[in-house]
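For clarity, chains are labelled A, B, C and D in written order, and residue numbers in each chain start from 1.
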Amino acid sequence: MAWTRHQMASRAARELADGFYVNLGIGIPTLVSNHIPPGLDVTLQSENGMLGLGPFPLETAVDPDIINAGKQTITELDRTSYVSSADSFGMIRGGHIDLAILGAMEVAENGDLANWMVPGRMVKGPGGAMDLVAGVRRIVVLMEHVARDGSAKFRRRCTLPLTGAGVVDVVITDLAVFERPERGARFRLLECAPDVTPAMVRERTEADYEEDVMA
Amino acid sequence: MAWTRHQMASRAARELADGFYVNLGIGIPTLVSNHIPPGLDVTLQSENGMLGLGPFPLETAVDPDIINAGKQTITELDRTSYVSSADSFGMIRGGHIDLAILGAMEVAENGDLANWMVPGRMVKGPGGAMDLVAGVRRIVVLMEHVARDGSAKFRRRCTLPLTGAGVVDVVITDLAVFERPERGARFRLLECAPDVTPAMVRERTEADYEEDVMA
Amino acid sequence: MVDKVYAGAVEALTGVLRDGMTIAAGGFGLCGIPETLIAAIRDSGVRELTLLSNNAGVDGFGLGLLLENRQVRRMVSSYVGENKEFERQYLAGELDIEFNPQGTLAERLRAGGAGIAGFFTRTGAGTSLAQGKEVRDFAGQPHVFETALVADLAIVKAWRGDPFGNLVYRKSARNFNPMVATCARLTIAEVEQIVGPGELDPDHIHTPGIFVQRVIRAVANEKRIEQRTIREAVA
Amino acid sequence: MVDKVYAGAVEALTGVLRDGMTIAAGGFGLCGIPETLIAAIRDSGVRELTLLSNNAGVDGFGLGLLLENRQVRRMVSSYVGENKEFERQYLAGELDIEFNPQGTLAERLRAGGAGIAGFFTRTGAGTSLAQGKEVRDFAGQPHVFETALVADLAIVKAWRGDPFGNLVYRKSARNFNPMVATCARLTIAEVEQIVGPGELDPDHIHTPGIFVQRVIRAVANEKRIEQRTIREAVA
């Protein structure tokens, strides 16, 4: 049985460690903030220039000057600081963010990531995604295992324009978790969703990966 | 009769205009702040990271956290702001300072400036001088006309290592004032000190310059 | 004393606008955008603008107003997703767009203000946005060369400003405003509150007055919200 | 909650120091220097250090303490004029020095912290400090290529800090501290006042806690003055 979006987010939250500074992308990655284990000290960063993101505000406390990179209204915490976008990307590009969790259209077996444009469709722009994958120390991708048309999203090579080359460390889908020990290494299948077999994952994956661990 | 240091500073102050942001070098240039005409709004900048320098403090108000680039204790004004040294040199290199008044060991007729080291002597380092001459829109040099050994300081070419190439716009000495309309143009003799003749200036100057204006 | 405060946006923009000019605008999404100045630029009718701005506003708000009024020829941005009029003009070939990674855009604007001619960043290496750009390895990693951005005019939104042009931003409305304020020879700031000399703490000023030539009071402060997300109070 | 506050300099430096390491230090002259941490590094006896610091202290104070104790092998600085021991060791060939223009040094430290591999600046073009460096023309002007600086350890002095590592500097004691705080994997801040969570205004924090791994209370705050200049009160 495939994981739900919340189960995927919960699994992704297990990539967090105490004291981590983390950037969460738009979409399913944002849900990860609801699954941070109690007692784990994690500081969320938003690339527009906020460090220490709090939860959504109460209706009465909405402040249009407090938004995250998804343009959602949020709140401050007792650790919050604001910086310019230049300084915010200094944190990102400079390797000060421990982990980013991002959505993806495609991931390749060499860690290439495509999540910003589809040729022929209107291009909205890369936003901060290229900076995040270039600068953050560890990149976790959260995505559906197969696209709506049934094609594999974890592929030999990306067919879409890249967001970054060789940047992905962990891939979490609704069916399985893949990880590699370092950039440049091969991915290996780490976990499957309940009642999902390695064979089922293999069938729905184009990428080459190791699965001896699961054997 | 040669100008005194205070007269030189007073003459340099005439280069200021209302609303100017100005950086004053160490030594005679610092004296210029005492000669800013009343009613002229000039904001002094110091490259360590202070904009809006006030006068020296009263004995009872000395604050070791308020110093200028010469490491002198100073005071705040109602316009003062502090920035990091990186942001301070952003102001300087980015062309936001209207005028800098600096000392010099040598100036060449092409505007080359040497004021940071003498080969064979202990080198103290360039400090902010190279950034100032590279970034500030207009560079005024305040220096004695001849060195202690009697040699000309306004020369064909600098013999000392350069602080900047072709960067000087105005040269004010104890004998005369030279100016050029733009970088790359020739300097011309603009003024002489009282009882100092153009011929006397010529005799004490190695640099080639125009003097038809004085004729 | 030099007082940089102008009576209003029209007065501050007098003699400044001309067709074909480049304007840098602060803001991220609709947060921290100079609403008052954008409206005045719309009313001025100036055309063929190049805009340097992270986003392009939305239909009917923010820089979307200038797009709807056909005043924009070219945009240098990182994300323009929320604007249908943008899409229409772009697909019709009426509008040029140069996409930058968001951090690269922020850094190029800072570089423009800080006298840095260009820099190497890992961001974008191996992507289509690096095409045609110099790529050089540092520590074995490819880096892309990016150049400084400068503008003829910068417009920013701040929370508080004084007669010297010193600015303080409010919370995440700071975003691109500090770099934008530095990247042009003429910067106009609209502020929610004009305060007197000495009322801003020198340690808390985000943009020193040297970067700001004109200040107006912001009279449009709608601060429209793009994603109004809330949580329920726990009884 | 992660609490970054350590009991003192010795505790904060435990397991950190090793011979031959590179340490970046904040401060300009003797203003805003981490006196407490410098003293602890002196007492540790660690040797063969490379120091990234705008200045080198004076005889008997600031980084001059490490020089006197023969712990420094190399300095990257912009101005070292006030230190006789420095001069003696330099002339004896015991000490290497790499001079940078002050703004270039500040920018290189910022670049190191911000993931910028290198940049072009007009500063130094046509001078001996550009020798051996790439020079490229932009807008007809020669620019010098400068690379990022990074350190194994950064030590900074701030006025206030909280358990998250958020820092606020005081007046011109800010100087090089904000960039230095970003340029190392491990940054230790000494602060005059440790305040509780939430006591620092999020809009006024100069160095966000992400850059600071350890915080101690500064117990040495002599703040020696190099040039005590005063004016007379007018009766």
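As a working rule, contacts are C-beta pairs under 8 Å (C-beta built on N, C-alpha and C of every residue); 3 or more make two chains touch, one makes a residue touch a chain.
The structure displayed is predicted, hence computed values, not measured ones.
C-beta contact counts were set side by side for A-D and A-C; A-C has more. Note on chain placement: the centre of chain A and the centre of chain D lie 35 Å apart, centres being C-alpha means. Chain centres here are Cα means. That of chain B falls 28 Å from that of chain D. A separation of 32 Å divides the Cα centre of chain C from that of chain D. With touch defined as above, residues shared between interfaces to two or more other chains in chain C number as follows: 107, 110, 114-116, 121-122, 169-171, 174, 202-203. Multi-chain contact residues of chain B (touching two or more other chains) are listed as 76, 82-83, 89, 92-93, 134-135.
Here, these are the chain pairs in contact: A-C, A-D, B-C, B-D, C-D. Considering their complex, residues 107, 111, 114-122, 136, 138-139, 143, 147, 168-171, 174, 201-204 of chain D touch chain C. Those residues of chain C whose C-beta lies close enough to touch chain A in the complex are 28-32, 54, 77-81, 87, 90-91, 97, 99-104, 106-107, 109-110, 121-129, 169-179, 206, 223-233.
Taken in their complex, chain B has these residues touching chain C: 18-19, 21, 41, 43, 45, 51-52, 76, 78-83, 87, 89-97, 134-135. Across the interface of their complex, chain C is touched by residues 46-50, 55-59, 62-68, 70-74, 76, 82-86, 88-89, 92-93, 112, 122-131, 134-135, 161-166 of chain A. Residue ranges on chain C touching chain B, taken from their complex, read 1-2, 110, 112-116, 162, 164, 166, 182, 197-198, 200, 202-203, 205, 208-211.
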